[in-house]
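First chain written, first letter: the chains are A, B, C and D, and each begins at residue 1.
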Amino acid sequence: MKERVVLDVSRLPPHGMGRASPTWWGTCAFMLIEGSGFALAIAVYFYLMSLAPHWPIDAPAPGLVPGTTLTAILLASVVPNILLSRWARQRDLRKVRIGLIVMSVFGAVPLILRGFEFAVLNIRWDDNAYGSIIWTMLGLHTTHIVTDLIDTLVLTGLMFSKHADNPRRFGDVEDNAMYWNFVVVAWIPLYACIYWVPRL
Amino acid sequence: MPWEVSREFFDRAFIAVAFLVTLGAAALIGEAREGRQYRTDPTVGAALDELRLMPNGISGTPPEIYFALGKPYETTAYDLSQGKRLYSWFGCGACHGDGRGGRGPSFLDGWWLYGPEMVSIAASIRDGRPHGMPAFRDKMTIDEIWQLAGYVQTIGAYKAKITAPSRNDDKQTRPAENRAPAAILFDEGPVGPNAVQEPSH
Amino acid sequence: MKAGAAVVLFVSAILIAGCNGAQSALNAEGAAAVQLKHLIIGIVVVCSVVWALVMVVLVLALLRARTPRESPSSESERRMGKLVTAAVAATVVIIAGLTIASFYATRGLGMSEDATLAIKVRGQQWWWQFIYDDVDPAKSFQTANEMHIPVGVDIRIELESSDVIHSFWVPSLAGKRDLIPGRQNVITIRAERPGVYRGQCAEFCGLQHSHMALFVIAEDMAAYQRWAAAQRASSVSSADPEATAGKALFMRKPCAACHTIRGTEASGSTGPDLTHVGSRQTIAAGLLDNTRGSLAAWIADPQTLKPGNNMPMVPLSSDELRQLSAYMESLK
Amino acid sequence: MTNDNKPAQPTDLMFGDDELERRLAQTWRTPAGVWGALTTVDHKIIGRRYIVTAFVFLALGGLLALAMRLQLAQPEARFIGPDRYNQIFTMHGSNMMFLFAVPVMEAMAVYLVPLMVGTRNIAFPRLNAFSYWIYLAGGLLLWISFALDTAPDVGWFAYVPLSGPQYGAGKRADLWAQMITFTEVAALAVAVEIVVTVFKQRAPGMSLDRIPLFVWSMLVTAFLVIMAMPAIMLASSTLILDRLVGTHFYNPTEGGDALLWQHLFWFFGHPEVYIIFLPAVGMVSTIIATFSRRPVFGYLPLVMALIATGLLAFGLWVHHMFVVGLPKLGESFFTASSMAIAIPAGIQIFCWLATLWGGQPVLKTPMLFVLGFIVTFVIGGLTGVMVASVPFDTQVHDTYFVVAHFHYVLVGGAVFPLLGAIYYWFPKISGRMMSETLGRWAFALIFAGFNLTFFPMHILGLEGMPRRIYTYQPEMPWAGMNMFVSFSALILSLGFLVFFVDVIRSTRSGQIAGENPWGASTLEWATSSPPPCFNFRRIPVVGARDPLWSQPEELTVAGGLRTDRRELIVSSVVEAQPEASESSPRNSIWPLLAALATTVMLIWSIFSPWAVIWGSIPIGITLTGWFWPKQTPEDES
């Protein structure tokens, strides 16, 4: 077919940032998928609760200390996370490197606390349905912390490598930061369900 | 581009990998495969009844037919799960509880009064044992006895067979057979009484 | 047009099917089933008309005369727009109508509170256990795969399952309802006319889902009372020597470990209660007619007749078979 | 942000057409040989693969159906025993839903959507490759298990407790559940790609109201996949947990519930139907417009109907549970919503009829299948209205009436349009036409065979024949009709045979198709058939809803994309204004390696929970390798 050039795109930036980047939209889509997953897990939790004569089933409510500490840390981590995202937008490599190291720590500490969380649930996954669902919720969220931690570590490595100074890397850092915010936000309702609903 | 240099190598590598993966999957599934025999031919049944025990009734050799069949009663998921149903249908729990014993000995403490071999267990069920183990000769058919024996042996196994039954839809009292309860409970020390061992004839 | 013919076939088939016998939603003999039949025919007719109209429009759209290369003019588009809107409006009206109709039908099928008789149905792989409980436990009895009910009164059916999900369905009497482990469902059935109504498990329940039939025998109150009285009684041991030998055999062999025969030491609970097995029309959940021959065949080799069911093949000589089946038959 | 050394780089403005094609081919090509085949990320190659694989599974599933018909032809037949029969109908259902219907629709999108929106490759091409390998692995898993006589035997919706730890002996149910995970991962990946491709990679000027209807339908479908599939993944994972590590989700005596499974399954299972049907709606709208020689009537209502269907799809899962004994009020609500879904369906049918009415219908094979679709799908829709009524459903639920109903919806509603779509797009995909003669034969046989096979099942159902029975007794009045159905099934399969013969024949010796053999209006017809690896020499600029009709003789295009790296235009979501000239990844082996690692982990985890930990390490490694920068021009910015 005969072609007529009516538009010159040669002056467009060679890489879309933020909402102009497909990766950003891809990350959102995956957060939507996992968000639905979390929502369904919570729905299952309340469904089982609605069937049970008393809740929690044959167990004291989980111990508050590790879970609450972890929640506090996760919330606190949002601050450096947002800063990191801003630095990435400004392409400030030095600050971004620092920020990534900080975020790696903020990713690793919750994992340690998570171990203690499982310890004070006061019930095993195979004791009854209540145990099964809270172990599953906690496990589900743990996998998200792990994946994002690994992502952060890889990015940190990248930022200290020769590939560092490239807008794409900074874009990846922004997306990773956005995903971490999702991990934190997703935790809040889970925390409420696991630790406070049994105390109602 | 580097890969073009050694295309044949990659081609061979690919074929090999694809082959191995498929094979691996087949092997894994084959492992889990369970032949299902619903009907035991009368002659086979008769042959299965030929237990040869040591004079003291402890251990012995199963009939050849048992090996000819490929030891189904201790390997196939279907027979093991049937065994589990028989365990509750014939009230074994009344004395042996969930396997940890009660009036009767435990299957989970690593201590087999008459040895852990299928043939001894089958003999115990079929002919009964001193100190209150009744004979089920007239209550079950021989293939049922083998199925039950296979299951009983599985409860006490320290390494779970992948064909071992999962939990039942009732109260959870101990981990199910596919999680090697014996191994888990062993750490908690033996449970239930160990009757004195003595020859049955 | 093939499907057009098919619809005619469909509607006519419904009217024909109405006449033929066992286990059909269109052979309604129960209060609920009759209502449902009317609803079904009503909806089917409405839908067939809708379908026919759509087909007419389709054919016209294809065949209508066209001025060659007439281009879609704006006013013809507007006319079509109006028509489409009208059609959608019509759809909404029809849908609303059908919804309301089915609401009323559901209301009509409500639980009746004043049921004369309550029967507990337990689904088992792969047979039906019917428990007629009575305040006086001595008067309680149970039967298998065959339920007798008095005609013209509401019967409360309590549905429970002891293994997997089954579904209780006697189309001639009422719609189906599931039996779910850990739950109890209740439906009310009411037979308007005496008769034998066949039902079948309607939820896939494993190997022998296909052979899990039941029979509801509706008879007038007097006959029902007689039947119930007979069922309450313990088993009668007949004088026939063969049957007597069979009885001894039954107690000696594995049979007694799974089956109960009230009045004997046989008290197993895994298999159906056989106290009055001789009085039933079929055996093995509707698999075979209850004759001495089929009893012998069933006992001789249940795994060939109904592969995977829970009754083992007990090795028996032909004499023993004859005696056992004689005994079974004698348990009227 | 402007880039000053930009003019230094070669762009498509610098070359004549031939030189440009040579350079683009150099940049975008997939090398020959197995290595090329394993590393390609070309959406056309992967889409073609996906389609072919899905049709292979269709053929296999069809053979299973014939086996069942053979067994059911006579009462108490002994051709297949209950154990094998249960495996066969479970395989048939799972295979058709998870390995054929959903993948084939997404596969058509993988091939067509990038062409229809005028871009050079799908978004996240490597994820696309990964998705195919995972899907293939899941299919192999299921069929190998069937070959080994250890296939799932619990029905395609695997109700607990039958599929649960106590009654589902062996690994059969676990294999089913894990096959689900495979196919859902694949489906979710494609859904994400489609959403992003449609949102961000549309040709300049293709604003939301100019998107082709097929693309719209796939967009809605992709969102349905994203919202619905997590439910089934949660369900199958909890089932495996119950069976493997003794959780109690479905154990009533420990606070679990058997109905929880049904809620989770159908919360996915009902949208599933629309995940299969909506793409068909898009196909019909496309084909009917082309062969009526006019734009489809009521573009906006059709788009609205798509979206409305998508939303309603989540409000009616309970109509699969009308006989489990739920509160009356709930049942009434779900009756209403299930009935309401008929309204958008009605809008679609009426708009298509209007298009035919106002157009110049040309009865080529694709159009025949569309007409067949209208005839059968309306029946399926109306029987759907019937089963949406609770009281009606209590008589027909789990009977052959329902079997007939969903085959009318799925085969009549989705497979007919799909076959039409194959006849329609085959010239684009292969560069050759399919035979009109064989096409008409295939249509006649399939249409007749289908209706003769499935229509009588309505009556069988009303006469009380339950589904999923491996045999029935001679005294039941079903034998004659079953025999008739079994014979009709032969006609139907003969029709499919003709279709497959036609496809194979035409790929070799079909007559050469030009760029646009049907005189269609959408962008995929603006490039050669089959399209080059770079899809379009220059990215089209769209000024109308039917670009090739509004300006038939010349194509307005955008210039200035680089030729030395894989580059495409990223545009804004609503107006499709160019935002960036983004790069698109090169071929890579990592997706295959990642898929293999994932496969090992998923299969291993049927046998041991520790697989989830140890098996994840290789996955992590392969993913790192996947995303680690390779210093190619694609990495520049």
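We adopt the following convention: contacts are C-beta pairs under 8 Å (C-beta built on N, C-alpha and C of every residue); 3 or more make two chains touch, one makes a residue touch a chain.
Computed from a predicted structure; not experimentally measured.
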Along the shortest chain of touching chains, how many steps lie between subunit A and subunit C? 2
Quick one: most central chain, C-alpha centroids? D
Comparison of B-C and A-B by number of C-beta pairs in contact, larger one: B-C
Rounded Å distance, subunit B centre to subunit C centre (Cα mean): 39
CA centroid of subunit A to CA centroid of subunit B, Å: 44
Between subunit C and subunit D, tell me the centre distance in angstrom, where each centre is the average of that chain's C-alpha atoms. 37
Please tell me the distance, in whole Å, between the geometric centres of subunit A and subunit D computed from their C-alpha atoms. 30
Sites on subunit C at which at least two other chains make contact: 181, 307-308
Where in subunit D do residues touch two or more of the other chains? 83, 161, 245-246, 248, 251-254, 257
Contacts with 2+ other chains: residues of subunit A: 126-128
Every chain pair meeting the contact rule: A-B, A-D, B-C, B-D, C-D
Where on subunit B is subunit C touching in the complex? 36, 38-40, 42, 45-46, 85, 89-90, 138-141, 143-144, 169
Please give the residue numbers of subunit C that touch subunit B in the complex, ascending. 181, 252-254, 256-258, 270, 301, 303-304, 307-308, 310, 312-315
Contact footprint of subunit A on subunit D as seen in their complex: 1-3, 6-7, 11, 13, 17, 123-124, 188, 191-192, 195-196, 199-201, 204, 226-227, 229-231, 233-234, 238, 241, 245-249, 251, 254-257, 260, 263-264, 267, 515, 526-527, 537-539, 541, 553-562, 567, 569-570, 572, 578-583, 620, 624, 627-629, 631, 635-637
Note: in the complex, subunit D contacts subunit B through residues 31, 33-35, 38-39, 83, 140-141, 144-145, 148-150, 161, 164-166, 169-171, 174-175, 242-246, 248, 250-254, 596, 599-600, 603-604, 606-607
For the subunit B and subunit A complex, residues of the former touching the latter: 167, 172, 175
